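Below: a set of structures, written as C-alpha cells.
Two complexes, one shared chain (subunit A), two partners (subunit B, subunit C).
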Partner chain A sequence: MKRAQIQIGETIAVLFVFFILIVIGFIFYVKVIKSNIELETEELSQLRSVGISQKIMFLPEVQCSEDNIVIDNCIDILKLNSAQSIMKENEIYYYDLLEFSDVSISEIYPDGAKWNLYSRKIENFRSKFVTNVPISLYDPATRKHGFGILTIETLFK
Partner chain B sequence: MEILGLAIVVVLILVATIFVVRFLVLKAPTEYRKGFVSSEIASNMLNTLLKTAAKDCSQLTITELLQDCAQAKSITCDNGQDSCKFVESTANHIFDQTFDKWNMKYEFLAYTDVNAPLIKLGKPCKADKRSKIFPIPISAATMYTKLDICG
Partner chain C sequence: MINKKGFEIQFNWIFVLVAGAAIILFFTVVVIKQKSVSETSTKATVLKSMEAIITGAGVSTDTTNVIDIPDSDIEVNCGRVSIGGVSKSYQSLLLFAPSLIKGNKLVTQTLAFSVPYRAANLLYITSPQLRYIIIGDSELAKEINRSMPSELKKEFHKSVPEIKNLNNYKIRFVLFGNIIDFPKALEKMPDSDVTAIKIDGNSEKGTIEFWQKEGNSWLPKGTSPYIGKQSLIGAVYADTIDVYECNMRNAFSRLNLVTKIYDERTKKLMEGAVLANQFECSQFYSNALNQLNSIFAASSNFNKENIDVISDSARLLSGENRNAQIYSCTLIY
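So, the complex of A and B:
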C-alpha cells in the first residue's frame, strides 16, 4: 500500500471517530435539554397550582365580609351554598380561572359537613398537586366560626 | 505521543460529562409549592383555631378559653372539662384530622412562661421548622400560642 493511501485511511478513521463523538455529544445535549424542559414544566406546574390555590382562597363568591370589609382565610357558609350552584351553571367561566381541578371544603370542627365547590378532572394527567389549607367557616346566622379544610387538587396534562 | 493526546481528550470529555450530569441532569426541581403550603398551613392553622367557637362550651372561642386557662380557670364546659382541658382536647382532635392525616410533624404550645406551657401537643422539631406565634392579651401579662411545623 502506498503511503498516501495509508494517510487517507488514517484521515477517514479520525473523521469517523470525530463524527461518532459529535453524534454522542448531540444525543447527550438533547437528553440534557429534555430533562431541563421537564424540570421547568414541573416548576411551572407547581407555580400554576399555587396560583390556582390563591385564586380559590380569595374567591369573592365565598369569602367572608363584614360591612364590605373582606376577612382573610374565611369562608361564608351561606355564600358557599349559593356558590356551589353558580359555579356549576357557569362552568366555562370558572374553567378559565381554576382549570382542571377539584375544590372541596370539609368541616373538621364542630361538625363534619362537606361541600364540593368545583370539579373538572382529567384522566390522563401528567402531574397532580393536592393543597390543604386550614380555613375558618363562618356561619352568619349564628355569627360563629367553625374549623374547616379547603382541599385543592390541581391536575396538569 | 498521539495516544497521549487522545487520552487527554477522552479525560476532558469525561470530566465535562460528569460536570454536566452533576449540575444539569441531576438537578432537583425547586419546591415552590412546599414553601407556600407550609407557610399557609402554619399561619392559617393558628389563626383559624383561635377564632373557632367551642360547641360544648357556650360557643366561646378558643381564644377566650385560652385566656381563661391562663388566668382563673373558672369556665367549666358542658362535658365537665375545664377551659385548659377542653382546648387541649379540641386542638388534639383538629390536629388528628389534619397534621396526623397529612403525616406532618408539629409542636403546639400555649404559654405565658415558655418553660411551663399550659398546653403542649406534638413533639419538638429536630431540624428545619416553620414557626408562627400569636400573642393573646390577658389581664396580668400576655400569653402566647405557638405552632411549629417541622420540615
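So, the complex of A and C:
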C-alpha cells in the first residue's frame, strides 16, 4: 500500500470516529431534551390542573356572596342546584374554562348529598390529577352551613 | 501534465475540503435548528405566562400586577393571543388589551363585571410603553384616571394640552369632551398606532366613539355602548371597536348564564318565603324575579337598547336586595 493511500485511510478513519462521536453526542442531547420536554409537559399539566381548580373555586355560578361580597371556600347550595343543570346544558361554553375534567361535590355534614357540576372526560388521557378542596356548603333557604369536599379531576392528553 | 504523486496530493486536498464542508454544513444546520427551537421555546414560555395570567386574573378581582416577561411582541385579537407563530385560542375570553403589546413588562388589572351581581371578572392587559392621554374635567374622567394603574404611562389633563411625540409605540387618547384637533407632533406616526375614544355618558352607561389616525386627521371607526365603569375601562385598553365588542359579547354571554342561576335561586327563595309566611320577603323576591327576567332577556345581545334595560333593572334589583337586607330576608345576591 502506498503512503498516500495510508494517509487517506487514516483521514477516513479519523472522520469516521469523529462522526460516530458526534452521533453519540447528538443521541445523548436528544435524550436530555426529550426528558426535559416530558418534565415540562408534566409541569404544564399540573399548572393547568391548579388553574382549573382555581377557576372552579371562584365561579360566580356557585360561589357564596353576601351583598356582592364574595365568601371564600364557600358554595351556595341553591346556586349549585341550578348550576348543575345549566352547566350541563352549556357544556361547550364551560369546556373553554374547565377543559377535560370532572367536578363533583360531596356533602360530609349534615347529610351525604352529592352533586356533579361538570363532567367531560376522555378515554385516552396521558395524565390525571385529582384535587380535593374542603369547602363550606351554605344553604340560603335555611341559612345553615354544612361541610363538604370539592373534588376536581383533570385529565390531559 | 500532472504526475501520479501530484494527483494523490490534489485528491487529498479535495477530500479534506469535502469533509470540512460536510462538517461545517452539519454544525450550521444544528445551530440554525437550535436557534429556531430556542425562539419557539421562548415564545411558548411567554404564552404559558399569559395563560397563567389569564387564569390567575380570572379568579381575583380588583387587583393590579406588573409582570416581567422576555422581551416580546404579543398580539391580542378577539379570542386569540399570539406571540410570533405560537398562538392560543379561547372561545369566551374576557381580555381587553391593545392589538399589540410590546416590551418586557406587562401591566394587568382585573375588575368585576357586576350588574349588579358579579357575572365575570374582566381582565385588562397593556404595556407600560403605551401612552394614555386622558383629557376631561368631569367626575367620570377623574374616576377613570384614578382607576387606571399608576404603573402605566398615563397623563391626565383637564383641557387639551400641547401634545409632544415621546416615541411611544402607541398612543391612546381618552376624551371626555369633543374630539380634539389632530396633534401635529404625531402626524408621522403610523395610522393604526394613534387611536382615540370619545366618551359620552356617566359611570352607569353611555356611548363610546372610536377614532383612529388617518394622515393628519381623525377617522371615525364606529360607536358602541358601555355599561358600568368596568366596560368603559375595557374600551380604554382595547384599541379597536372589534376587540371591545367581542369582549362585551362574551361578558354578556356569561351574564346570561349567571342570571339564569340567580333567577332559579330567587324562585326557590320565594317558595321558601311563601311557605314560611314571610310576605315582605316573598314580595321582594317576586319583584327581583321580574328584574332578573328582564336582565336575562336583555343579556342575550350586546346593544344599546339592552344596556338601557339591564342598567334600569340592575338599579331596581339593587333596591330589592337592599329591601331584603332591611327586612332580614336572605339576600338576592
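Please note the rule applied: the second predicted complex is superposed on the first by the 157 of 157 C-alpha atoms of A that agree within 3 Å, B and C clash if a C-alpha of one lies under 4 Å from a C-alpha of the other, contacts with A are read in each partner's own complex, and residues count from 1 in each chain.
The definition used in the following text is that a residue touches a chain if its C-beta (ideal position, glycine included) is under 8 Å from a C-beta of that chain, and two chains touch if they have at least 3 such contacts.
No experiment lies behind these values; they were computed from the predicted model shown.
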item	value
Subunit A as common anchor, with subunit B and subunit C clashing or fitting	fit
Partner chain(s) touched by A:L78 [first = subunit B, second = subunit C, both, neither]	second
Inter-centroid angle subunit B-subunit A-subunit C after superposition on A [Cα, multiple of 10°]	110
Subunit B versus subunit C as contact partner of A:A141, first or second or both or neither	second
Touching partner for A:F16 - first (subunit B), second (subunit C), both, neither	neither
Which superposed partner A:L47 touches (first subunit B, second subunit C, both, neither)	both
Which superposed partner A:Y109 touches (first subunit B, second subunit C, both, neither)	first
Which superposed partner A:V133 touches (first subunit B, second subunit C, both, neither)	first
First (subunit B), second (subunit C), both or neither touched by A:E61	second
Nearest-approach distance, in Å, of subunit C Cα atoms to those of subunit B in the combined model	12
Doubly contacted residues of subunit A, that is, touched by subunit B and again by subunit C	47
Complex interface listing, subunit A residues touching subunit C	2, 4, 7-8, 11, 15, 18, 22, 44, 47-48, 51, 54-55, 57-58, 60-61, 65-68, 70, 76, 78-79, 81-83, 86, 90, 92-93, 95-97, 140-141, 143
Touch list for subunit B against partner subunit A, complex	13, 17, 20, 24-25, 27, 29-33, 36-37, 40-41, 44-45, 47-49, 51-55, 59, 61, 90, 93-94, 97-98, 102
Residue ranges of subunit A in contact with subunit B within the complex	21, 28, 31-32, 35-36, 39, 42-43, 46-47, 49-50, 53, 73, 108-110, 129, 131-136, 142, 144-149
Complex interface listing, subunit C residues touching subunit A	5, 8-9, 11-12, 15-16, 19, 23, 26, 48, 51-52, 55-56, 58-61, 90-92, 114, 116-120, 253, 257-258, 260-262, 264-265, 268-269, 272, 321, 325, 330-331, 333
